[in-house]
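Got a structure here, written out as structure tokens. Questions coming.
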Amino acid sequence: MTRSASRIRLLPAAILLVGAFCAALWLTFDYAGPGEPDIARWIDTAHTTGSINVVSAIYLNARLFDTLLEVLVFSVAVLGVRFYLDERGRRESVESIPESHVLRLSSDLLLPLILLLGIYLTVYGHLSPGGGFSGGAAAGTGLLLAAIALGADSVAQRFHESILERVEWAILLCVFFLAGISAALGRTPLTDLLPPGTPGRLASGGSILLYNILIGAKVFIGTWVMIHHFIQHRGEI
Amino acid sequence: MIGLTILLVLLPVLAAAALTQRRRSSAIIAMGLFSFTLAGTYFLLQAPDVAITESAIGAALVTSIYVLAIRKTGRITVVASEAPGLLQREADRITGLEWEILERVARTAGLDLSLNFAPNEDVIDAVRRGDADVAAGGVLSADCGDGILGTGPHLPTARYAVRGPRWAGPSDPRAGPLRGYFSDIVETVRSRGPLCVVLDLARFLALSRYDLSAYDVEQLEGSHGYTFGVSAAREDLHRHFAEELARMRESGELDRMIARYFP
Amino acid sequence: MILALFPLLRFALGVLSIAWGRGRRILLIASHVVDAVLISFLAAALHSGRVTTLILGGWERGLGIALVGDRIGLTFAALAWGLSVAISFYTLNRALRPYFYMLLHLLIGACYALIFTKDLFNAYVIFELLTLTSFLLVGYERRPGQIWASLRYLVLASLGMGIFLLGVAVTYYHTGSLDLDVIAVRVAAAPDAGWIPLAAALLVSGVAVKAGVFSFSLWLPSAHSLAMPAVSALLSGLVIKMGVVELFRLSDVFPLDFTLVVLGSMTAAFGIVYAVASQNAKRMLAFSTVAQIGYLLIGFGSGTVAARLGALDYAVAHGLFKALLFLAVGEAALVTGTTDLSELTARRDAIPLSTRAALLVGTLGIVGMPPFAGFAAKCVIECGIQRSAVHAIVALISVGTTVAFARFLPLFRRRGPWIDVWNRLAAYAWLGGAVLLFLPLSRTMVPRSIWSESLNGLAFVEALGAILLGLLIHRLLRGFRIRLPRRIFRIEEGVLVILGGFFLVLLLLRFA
Amino acid sequence: MEINGVTVSILLFGIALLGLILRRDLVVKLLALGLINSSTILCLVSLHARPDGAAPILQTPSGPEIVDPLPHAMVLSAIVINFAILALALVFVMLLVERYHTTDSQRIERETSEEERS
């Protein structure tokens, strides 16, 4: 009885306020923007960095600080998942789904493809859409497929978590080192020290490629660690 | 352009569908579909980077961790409403007669148990929808049927109507079963609020520890028994229940257990 | 150069303290030494009249992210450093995991970054990092109450950040820039443009969720009162101020003064009423934080130089004594096993004298007893407020604070054991010393003319009068209890009142 | 009425808010939270999209002009942050379920407040 009553109390207020909120946004929204935005500055930025993908040039060079913070946010999330989903409630072993030849076959076929896609997205992030985050996440999700087909334990044996953990933090330190090295050399912090190279080549775009690879590896490991913990605590809700 | 419009119309539809689903798993799947549609929209809005990131992280990764968190293979999911003596939470433990039986069944079946408390009127519904395998916590044999297999009464019970002061609602409590949580009713009785409800024996015993002098109490006719309601899709589980209950009855263990909880 | 090193070094140390778990305490101490050096460099630069501006990555303005080391930056950086030292003293003898230290470093680093940044989207990312780290810190002990409080915090805070991001989108669409200085120029060029109220309302409502402003921050009381003492001190003393910093920065761009005064008065009224009605010591402290945030907003929104300086001053002062109060009450709760005020009084003999002394110093600081920290800062604020109605509100807040804190008085009677661990004493002495020495310290920050105008005999009498009146009301109210609605602290109602607050801000900006 | 990204994103924001307020299941609440962030992201992207624009990748010198790339860079961060929040919130919901065996927000609310009082 309290259940339905409280919902009935909330309902009019909710509809009224949310409707008014949407209406306020919709009515006061002014589409008459400033006219043509200044795109040329970003094209110049991309030329300076030597990257063809303008978004990468902004993301990993002009606004690198945002990206560093974002990598930290992701690491904090991985660490939080690991810290709060610890040994308690963990299943002894997690069985793979039986009678899944189709699944197994598809995972055998799909896994290399997905991993390849992840690597491609990461490495070519400065030349085409993609980048470390999407590449790492795609490859990490591919491992989930393998974990479902082969059983999480057999995948986990191949990716030792204690080693992964160190690699993860080492990569993060590398990222900070790379970002801070310019400050140590007396330049403005977060300045890209590598030359832009010839746009269009794989080895171009200054440090963007390096950042993409480091972030890709970090996100790949982080994704797997997270998924592994969720598998071990499956069905808790 | 037309493709974009179609996707843009599809987005709110999918979102509304996701958030109005009764079943959690359908809500999560619908949300995954929404995210993929969103990725397609980004692609058509000249944002390929965003589209790729959204489909890899927003759609694939988020959906998979949510699915993993609610995945139910290899476990019996029980939905119950609290019933003192039968099934209740004490600090961080679950106790009660039905819980012990459930633990035994799970052990013989080699499955893990997971329990979710729900308001009383939702319990049977959740099993019927397929959100849970077993309904417990004061389910009466009369509640079963239509997609729910009863396991046969393991404890006889009676029904009591409790009608309180200043009750302004319909006067016949037999109109509906207990709604909401039992703790709400305890709260109402403690504050001597208006009340009109039908309770089974276990809950009535727990309630009569409080002062019921302000309320009319009437024992209703008919004989009833507690049972578990197993989803009709889980006949294997139903068999396990029947075998385990028969074994416990034979060895007299069931009676000893009952005596422990209801002296 | 220095400005970027503040956050970057902290982040690197945070990562290191996980990778090299055994050295986590050494790293913490090292970070404080480094920060002290950096702050003194920054102070020297400011003292010689240079406001340092740094554009990360060596780009020109508008392309890279701009950091600026102005007076606001220096003040809050010093506060962050001071609290961080106190917290590390306090937690030195506890076996906390490396994980805790990493979160601590990241939290302080994020605070530094937010203090200096002039970039709207950068502020968004930093806010999210702050939200996540404080969310994890609140739930560190994993008590179910803590978990639930921090989950509510996360839900409401990320709703707020969603609203903030909408504001960023609108602002960027109309100005083509994320740099607050550039935006300020564009806004000044066309102050009547239709988008300004909407963008400002979205940005302000988003930040207000993080800043503890009433009707936006109903997650605050439970999150701050249920966390462990060190975390509560950090959240109430520092993290909540980060939202205030961003509000200050936004008020340089948009015409927010009147809105801030209205929001501040509402916040203060809400905080005081709940603080007086609360029977739980930690919850009372959390509500008093809300009230004091209102005080800060009123001060900053009053617009004069003196009031703004006073608000900055008061933000630091409040950070110091609120942290001290949370640490002391946390210790008292640990010893007596209760946070209920009347039971705390009943078992007061168990509370060590040092904790009581810290409690006393903190209380005298918060009620504005001369010559403690609160007094100095309050005088400067009140000197800058010109409208008499606002003056009356501010005086009422002082009285209300005294009424709420007068309930600590019985704790100071009676003798007790003088047993304590040295690191607790160090933390108390560090913060208490700062509360005591605040007057001469803040004198160096405030120009001489304002200083001599604000600290005169009248201010002295006024402060004492407010305290006496507060004590009197406390006497009259004894035995009188009110039950205030608790329902508004749930998630559902929290979302609704955030929306309501947004409308209020929108209307104020549009028609006032 | 023209159907454009901004209108749809405002609509999505409204739907998400209703879901956040009216659904008591915490998992659905979190889904609604994710939806709020998605809708702001959609708003950011579609504000700067133009029908005659090109994706922000420099290919041929004489192609159509690219759309503003800065919102895209911002949105990438926002998506990852959104994921981090959802994952951590889910972990906390799992901890609550482990203890209270329910995802009903109001029931958890009541049980925690009772426990804190005692």
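Odds and ends about this structure:
The chains carry the letters A, B, C and D, assigned in the order they are written, with residues numbered from 1 in each.
By our rule, contacts are C-beta pairs under 8 Å (C-beta built on N, C-alpha and C of every residue); 3 or more make two chains touch, one makes a residue touch a chain.
Note that this is a predicted model, so its numbers are computed, not measured.
Taking the mean of all protein C-alpha atoms as the reference point, the chain centroid lying nearest to it belongs to D.
The chain pair with the larger count of C-beta pairs in contact, out of C-D and B-D, is B-D. The centroid of the Cα atoms in subunit B and the matching centroid in subunit D are 29 Å apart. Each chain gets a centre from the mean of its Cα atoms; for subunit A and subunit D, those two points are 15 Å apart.
Centre-to-centre, using mean CA coordinates, subunit B is 44 Å away from subunit C. Each of the following residues of subunit C touches two or more other chains: 121, 125, 128, 132, 136, 139, 142, 166, 173, 492, 496, 499. The residues of subunit B that reach two or more other chains are 24, 48-49, 53, 57, 61, 65, 69-70, 119, 181, listed in rising order. Shared contact sites, meaning residues of subunit A that touch two or more other chains, fall at 3, 10, 14, 18, 21, 25, 29, 33, 37, 53, 55, 63, 66, 69-70, 73, 76-77, 80, 84, 129, 131, 133, 226, 233, 236-237. If each chain is drawn as a node and touching chains are joined, the picture fits none of the line, ring, star or complete shapes.
Touching subunit A in their complex are the following residues of subunit C: 1, 4-5, 8, 11-12, 15-16, 18-19, 54-59, 62-65, 97, 99, 102-103, 106, 110, 113, 121-122, 125-126, 128-129, 132-133, 136, 139, 142, 166, 170, 173-176, 193-195, 197-198, 492-493, 496, 499-500, 502-503, 506. By the touch rule above, subunit C contacts subunit D in their complex via residues 121, 124-125, 128, 131-132, 135-136, 139, 142, 144-145, 147-151, 154-155, 158-159, 162, 165-166, 168-169, 172-173, 178, 226, 486, 490-492, 495-496, 499.
Of all residues in subunit D, those touching subunit B in their complex are 3-5, 8, 11-12, 15-16, 18-19, 23, 25, 27-28, 31-32, 34-35, 38, 41-42, 45-46, 49-51, 53-57, 66-67, 72, 75-76, 79-80, 82-83, 86-87, 90, 93-94, 97, 99-104, 107, 110. Considering their complex, residues 1, 5, 8-9, 11-12, 15-16, 18-19, 21, 24, 27-28, 31, 34-35, 38, 41-42, 45-50, 53-54, 57-58, 61-62, 65-66, 69-70, 89, 92, 94, 115-119, 181, 183 of subunit B touch subunit D. Within the complex formed with subunit B, the subunit A residues making contact are 1-4, 53, 55-56, 91, 95, 97, 121, 129-131, 133-135, 137-138, 140-141, 144, 223, 226-227, 230-231, 233-237.
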